[in-house]
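Report on the structure given below.
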Amino acid sequence: MSKPHPAMTRLSDLKPGERGTFFALLADRVRGLAQNNKPYFKCAFKDLRRSATYMVWADGPHFTACDTEWQVGQFFKIRGVYTEHERYGAQVDVEQIRHVQDRDAAEGFNPADFVERSRLDPEQMLAELRNVIDAEIADLPLRKLTRTLIDRHAEGLKVLPATQRNFYPFPGGWLEHTLSVAHTGGWLANWYRERHPDLSPPLNRDVVIAGAVLHDIGRAVELEPGPGPLDPAEPTVDGRLLGHLFLGRDLIRDAAREQADVNPELLRLLEHLVVSHLNHPEWGSPRLPLIPEALILHHADDLDAKMEMFARCLTRDPGPGPFTERDPVLGRHLYKGREV
Amino acid sequence: MSKPHPAMTRLSDLKPGERGTFFALLADRVRGLAQNNKPYFKCAFKDLRRSATYMVWADGPHFTACDTEWQVGQFFKIRGVYTEHERYGAQVDVEQIRHVQDRDAAEGFNPADFVERSRLDPEQMLAELRNVIDAEIADLPLRKLTRTLIDRHAEGLKVLPATQRNFYPFPGGWLEHTLSVAHTGGWLANWYRERHPDLSPPLNRDVVIAGAVLHDIGRAVELEPGPGPLDPAEPTVDGRLLGHLFLGRDLIRDAAREQADVNPELLRLLEHLVVSHLNHPEWGSPRLPLIPEALILHHADDLDAKMEMFARCLTRDPGPGPFTERDPVLGRHLYKGREV
Amino acid sequence: MSKPHPAMTRLSDLKPGERGTFFALLADRVRGLAQNNKPYFKCAFKDLRRSATYMVWADGPHFTACDTEWQVGQFFKIRGVYTEHERYGAQVDVEQIRHVQDRDAAEGFNPADFVERSRLDPEQMLAELRNVIDAEIADLPLRKLTRTLIDRHAEGLKVLPATQRNFYPFPGGWLEHTLSVAHTGGWLANWYRERHPDLSPPLNRDVVIAGAVLHDIGRAVELEPGPGPLDPAEPTVDGRLLGHLFLGRDLIRDAAREQADVNPELLRLLEHLVVSHLNHPEWGSPRLPLIPEALILHHADDLDAKMEMFARCLTRDPGPGPFTERDPVLGRHLYKGREV
Amino acid sequence: MSKPHPAMTRLSDLKPGERGTFFALLADRVRGLAQNNKPYFKCAFKDLRRSATYMVWADGPHFTACDTEWQVGQFFKIRGVYTEHERYGAQVDVEQIRHVQDRDAAEGFNPADFVERSRLDPEQMLAELRNVIDAEIADLPLRKLTRTLIDRHAEGLKVLPATQRNFYPFPGGWLEHTLSVAHTGGWLANWYRERHPDLSPPLNRDVVIAGAVLHDIGRAVELEPGPGPLDPAEPTVDGRLLGHLFLGRDLIRDAAREQADVNPELLRLLEHLVVSHLNHPEWGSPRLPLIPEALILHHADDLDAKMEMFARCLTRDPGPGPFTERDPVLGRHLYKGREV
Amino acid sequence: MSKPHPAMTRLSDLKPGERGTFFALLADRVRGLAQNNKPYFKCAFKDLRRSATYMVWADGPHFTACDTEWQVGQFFKIRGVYTEHERYGAQVDVEQIRHVQDRDAAEGFNPADFVERSRLDPEQMLAELRNVIDAEIADLPLRKLTRTLIDRHAEGLKVLPATQRNFYPFPGGWLEHTLSVAHTGGWLANWYRERHPDLSPPLNRDVVIAGAVLHDIGRAVELEPGPGPLDPAEPTVDGRLLGHLFLGRDLIRDAAREQADVNPELLRLLEHLVVSHLNHPEWGSPRLPLIPEALILHHADDLDAKMEMFARCLTRDPGPGPFTERDPVLGRHLYKGREV
Amino acid sequence: MSKPHPAMTRLSDLKPGERGTFFALLADRVRGLAQNNKPYFKCAFKDLRRSATYMVWADGPHFTACDTEWQVGQFFKIRGVYTEHERYGAQVDVEQIRHVQDRDAAEGFNPADFVERSRLDPEQMLAELRNVIDAEIADLPLRKLTRTLIDRHAEGLKVLPATQRNFYPFPGGWLEHTLSVAHTGGWLANWYRERHPDLSPPLNRDVVIAGAVLHDIGRAVELEPGPGPLDPAEPTVDGRLLGHLFLGRDLIRDAAREQADVNPELLRLLEHLVVSHLNHPEWGSPRLPLIPEALILHHADDLDAKMEMFARCLTRDPGPGPFTERDPVLGRHLYKGREV
């Protein structure tokens, strides 16, 4: 191949007026009727960070292809000019377009690049979570219970977000959040076990680790993948009618019953951690933490969730000025213009 | 029996200065040391509505008996004078006293009179509840599930209060409350089923009845009898760590699993009713009602609970004036001086 | 009439692309200037459930008629094609159009079909309400007072909604809600009167019925018809400055003064019911219920209002999936996909 | 009178161990039985700021008089020693005692000194209030309406507190508060009328003054004198069932109807001020202020009430240290130890 | 000047369809591409109360001038026709247009007319504020401290709004609000000092005046001018990270340290006023008022802020009907249709 | 010393009826008058966990010594019998008593044993805190600032509680809490710095450590020792009027100004951490956390505080049953009866 490829770029990296070659997903295609009574299509091409409109007029070059060959959900290689229309927003003026082919992988095409996902590899996170369980839970039946539940839902957990919209709202988010909570929870359990030697029995680290790993296990049945590959997870019927606290505890209870050898008092404490980890009644928590382990879990969970929201808000905010736009979940403008 | 018995009265019916013969429970007996260095006993005799102190001095007539024969929890037949000490409160000056004997039943002695309890007979209420289930739940497996659960916990339910302190806080209260909620819920289901004919599927009366009967079934494991026969019910460990919503749904879920023939959608709606019947998150409800049946159950439950608190407050308030003392749970003074 | 009429349909029943003949109201007509400097009209035709745009261009067939003959608020018989424009929404391409004529009634034209209204007949509901008053209120002066107030405001009440926006927000809603509350309140009064026989004086059913009938009588002066025949009711000046609690009690108080024979204690209890029926201070209730009758009225009222909102949300939700859109007043997604 | 009287003092000015001669009210007298089976009386003598116990033993000098001659509510001249018992609190050891006689007025006896009351003379305050009405309300019918209402309730208003317990909770308090609110409201009305010249119609000072004078007129029927001369005012039945907002507006509305010449718009604004002056729904306000005059009244009212609570708390706090005890209504410790 | 000028008008005074000559600011100018692939500009011309669009097409008379000579932020003299497009809103059809020239001042052109600002002259208000300080603060070092701070920030204060968005949100607003609070606070201090003569030490009027003048001095560093001359003030980094309470107290504390002669107790009270003037914790107040002076300042501040919001809402509301649109900050519809 | 000492015990370890020899503090001594008109003293002797009454009657053996030699605040060696009076509570019947002497140290007397204090040595904690500062804060000027502030207040900090009543409410508590928060904060900063590598600039660990060490530095001026050696710390005047957030930031700001070399942006972030660490406005936090470091500090602080309350409640609860008494600050019963 003597002639060099035109360098590939990303749709979301183009500046207004700039021409580029990029891969894009056809996310929407709607047929309409123009004032001259001729049909047209309004197509939306997108990558992870930008969506741009391409108006396909009846007398333009791509009308027939659009009408007969293009399907929403397909990927395309496009050469075009990006513009920003003052009323209609982001537009792309398509000059060349074809479906993505296998060889495009060589130029960096990866369908997974088109959806927000954890920066960490799900398989690796899952392996790490199994390691945590095996290495950090001393009580054998409790360790087995925890492993069983993770193994049983492993496939789903790999693509699950931590929540539908609030924190880690992308595939892999469940694992990323859970790993972090387990890690922090384990450290805090060590710290406070040593810090309060007069507690009897001493603070139970196993309960904290198992509680951290399983506190959101109910998400596996509370949420299900959205209708399309790019759609966010949605609540199941049981998810809305009962909520992830009840559903998660069910999974634990059923697995413990099958296993039959879990210390009943350990199980009870674990269930209490699941039931009380939201802490605040106004957040839907039906119980307040009544043991120190539940307190630790609540803080490890809440801090990790908020920290992800902070980081996402700070790194994605597009505007000028030293503060971000008001984050609707956090209810505040974060300070992004700091120098140190 | 030639000589007429002195007419029996009740401790709580005596006016200050009045002499009477009555049965009483020895509720407390504490040994002390007087200023003259002689021992004494301070005893508390009580019936359902009043507790009065009897100071047994070392040189008085009953010291030895009190020291060696009287036990807290025993019943006595007493003749004495009731007074109200301005600092030490209700007193009884005991003139004659002996343990209750079998023959006292003839004069009306009944140990059950000494604890607050439902004015309705538990056996009869239980029978009525079974009737409601059998007559009002059309779906056979759902009916069976509901019956199974009531039958399984029947013994405990007969002596259970509806709540530890707030409404129907006395043995039999659970049954009295549940019956009333089931009755009202059934009527409201009929009314609104007819009132909203466009609902599809129509409002499900079976779900309302089963939900009403089982909404507080978790109390059977949330509460346990107090240490003494006169002590109020107390939360179990699971009761505090998990709460009656989780515990009640467990009972339902386990029974349905055993039974295996309950329509899963019916079961799901029933579980939702249990989980959402408290309605307000700030009352510890983890879910809002999402189906009309849950709304009906919430109102039937809440109205019945409040109505019992109103009635108890209005009928027990001892003070003068047209309004009751401020009820600490209701947070208001009720109007008791009305003429119509 | 040899040739069969084309079957009439409803605008809101047409599918995109479908042609039909239907009656419609001209709800809006705005003159504009196109890019070619020629005038046009943008008209909105609607029936109860749908509004569709018809662009009347200067060189189209209906421009002159639209300009000189069509008036907002008039009804038309239209044949046309319904389409959904991806940006401009629902459109109708009008092929034939004329004003509605008297004979159209034969084909089912009824102007009342174009506004949301109670599914029940106002005259019938009013008659039923009078029956309730006459049959259920035993105390004669109280019965007369209640009748007088309903009779006095009968004309307005027939077209009044229960509330401007929240529940039963359509003509006839006041009657539909009031009838239901009176019916439920009466049943509950019977139930609790029997259930709490120790109340003295016993629970007063007359007060509950009269309170239910009159609890929202203030709406008759709080709300007034909107500017157009299809506009919702709007608050009057007194409605906003004083609110329906004060206004309703005024009506009662004035009527009782005229009548002069109402038992003052009954009147006082009735006024208390009006004043306290909202229950929660945060909903604007200036008093908490202090008598059992007020408690019953509050629950009968609140349940009936919420039930109507549930039913309306469940039967009108257009979207896919097992749950409705989030209802803004109820603040939740209802479960509409249930099978039983 | 050759022999000098022993200097009179006040019970509440005596230091522990000090002997003095003072007037006191017999506020309580309870008969009891001592350990030696002899009767005794426990009497409570009090003046405005202190209550002290006198134990009248059967073998002491005053037993017969106490038994046969002393009545609760009578005033006495007493010579005795004041002590503070570490367990039983303030005590007075009575050496001489007799009923108060007419000539004691010469030594300063005044029964009114024994109850908390406004430092200002009610007659004078009432006259001043009438002056305010006559001088400050320009609109003649509105002025007449306001005068009529004050005149009609003048006798009661002179002894009414502003509230039962919260602010100005003593006879004369209603007048003191009302005068202050009217004065402040008038000034603020002037200030803001000038400050916002673009308001049309301009801010209505008459409405503010009339609203200030009448905002709490409902207290005249909401509260009634307590059972004894020293008991605080208590809510009437209507006071609790309806509240002073409704009751006050009734008085205004009825008087306006009689008078017949009040501008209906003025009357409506005045009613709105009464109805909305509490401002916050959580304080029981059924309406928010919707006109500037209502805003002014709310602030004049609230500031005056809080200022009285501040002043009372700061001037009555008995303890050491730079801050007062926590005031239960204000919910804070005020700074009383300031130097400037 | 023989030929009469066409009478100048204001853009915001034109009725739809009316032609007029007016001055306007070019507030926005965006280049776009029409369907015919020719460029166009969409310009926004505005005065204080209205913004109207002018579409400059490639083949129209002003395209070249717009492309090469017009800058956002410049002022123009325009003759044109105002129309209201049913979809695109306010439009102006420009017939003649040129940049504003010096001589236009003779016809009334004043750039300051194009931004909302206080109706009072900042210089005059500043002078008045200095007068208040000099005349009303008796304590010399306190007076000097207050003067120093105002003088030090005088330039900024003249253009500062009282708040970014809520009350007096326009240049000069800070001064207008501060003057009013100082005036009202001074009057209230006099009134309550006389009203509560038993306070010791008496209510300190100097503290109220100094507190009123300086309560919002922190705004001088909390806010900074927006990016453009017409943009509202924006929070500084310190403004968001620390807030105006901390920043204002810093200014006071630093100035007092420099001055060295301020009575420390006076300074402490003044600081307390700054720190507590928001009163409600939920409004961000870290302290409750603990001295009467702080209470007065809170009410003077809050009433003045709300009154400005009332007046602005009442005088700007454009709609029909007796009530304003719902004010989003006040959360209510105000009554503007009153007759008296 | 041939004869063995009677074994020393602790007052709080004696069972009712048991005789023992122990050291005790005379915490209270009140003179009273008995019914026989003879004086008596009521003394309270206490150690850390119990206070017991000794009634010293005029004709008893210790009256003269008590009257003339015993002073509140002195320590005594006592032999006596401990009893629990059913009305008057814990009593000690003193048989032998003398003032503590120097040689009693040999038997274990240590005045510090009589007040609650941290289980850790203040000197050691202070040294550890200095180590943390020196080892963990990389930025030299920030490290110096932090060291300076700790050194400057070192003497006070050693005896300061973390709070007056809520958490770590005993001498040394400030250090114990601060050390723990710094340790946890440092670990969390490491964790999240690595976890969110896309933050730019990266999460600043120095700011977290310095913020943790100094977040409550304001307590050093907010609280002062109570009046007696055993009395808890009390708020200073500035403490109540301004609060520890303002006071702590003042200390930091003043020290930074002296030092002059602290990076202004670092200082600003540190100040923000102090100002926002309470997080919730309803807890008195004037600012929400706007940077990730502030979020970490809030959680490290809140968890550590709650954990201490949990541990104290769990280890001090005296009652029977599996749950503690309701902790008034935590608002719940904790589970103490767990087995694992």
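For reference, chains read A, B, C, D, E and F in written order, and residue numbers begin at 1 within each chain.
The criterion applied here is as follows: a residue touches a chain if its C-beta (ideal position, glycine included) is under 8 Å from a C-beta of that chain, and two chains touch if they have at least 3 such contacts.
Not measured: the values here are computed from a predicted model.
Enumerate, in label order, the chains that touch chain A and chain C alike.
Common neighbours, chain A/chain C: B, E.
Quick check for you: after a Cα superposition of chain A on chain E, what is the rotation angle, between 0 and 180°, in steps of 5?
The superposition gives an angle of 120 degrees.
Can you tell me which pair among A-B, A-C or B-C shares over half of its residue-numbered contact pairs with A-F?
B-C
Identify the chain pair with more contacting C-beta pairs: E-F or C-E.
Between the chain pairs E-F and C-E, E-F carries more contacts.
Looking only at residue numbers at the chain B/chain C interface, is the share used by both copies over half or under half? Answer same or different.
Counting shared over all numbers used gives more than one half: same.
Using the average of all C-alpha atoms in each chain as its centre, how far is it in Å between chain C and chain D?
It comes to 50 Å between the two C-alpha centres.
Centre to centre, by mean C-alpha position, how many angstrom separate chain A and chain D?
64
Could you give the separation in Å between the centres of chain B and chain D, each centre being the mean of its C-alpha atoms?
43
Counting only residues that touch at least 2 other chains, which ones in chain F make the list?
Expected reply: 237, 240-241, 269, 272, 290, 323, 333, 335.
Can you list every touching chain pair?
Every pair of chains meeting the touch criterion: A-B, A-C, A-E, A-F, B-C, B-D, B-F, C-D, C-E, D-E, D-F, E-F.
Which residues, counting only chain E, touch chain A once they are in their complex?
Within the complex, chain E touches chain A at residues 30-33, 42, 234-235, 237, 240-241.
Touching chain B in the complex: which residues of chain C?
Listed in rising order, the residues are 119, 180, 183-184, 187-188, 191-192, 195-196, 198-201, 204, 207, 263, 265-266, 269, 272, 288, 290-292, 295-296, 299, 302-303, 306-308, 310-311, 314-315, 323, 331-335, 338-340.
Going by the contact rule set out above, which residues of chain A touch chain E in the complex?
The contact residues of chain A facing chain E are 83, 85-87, 321-323, 333, 335, 337.
Which stretch or stretches of chain F touch chain E in the complex?
237-238, 240-243, 245-246, 249-250, 253, 268-269, 271-272, 275, 281-282, 284-287, 290
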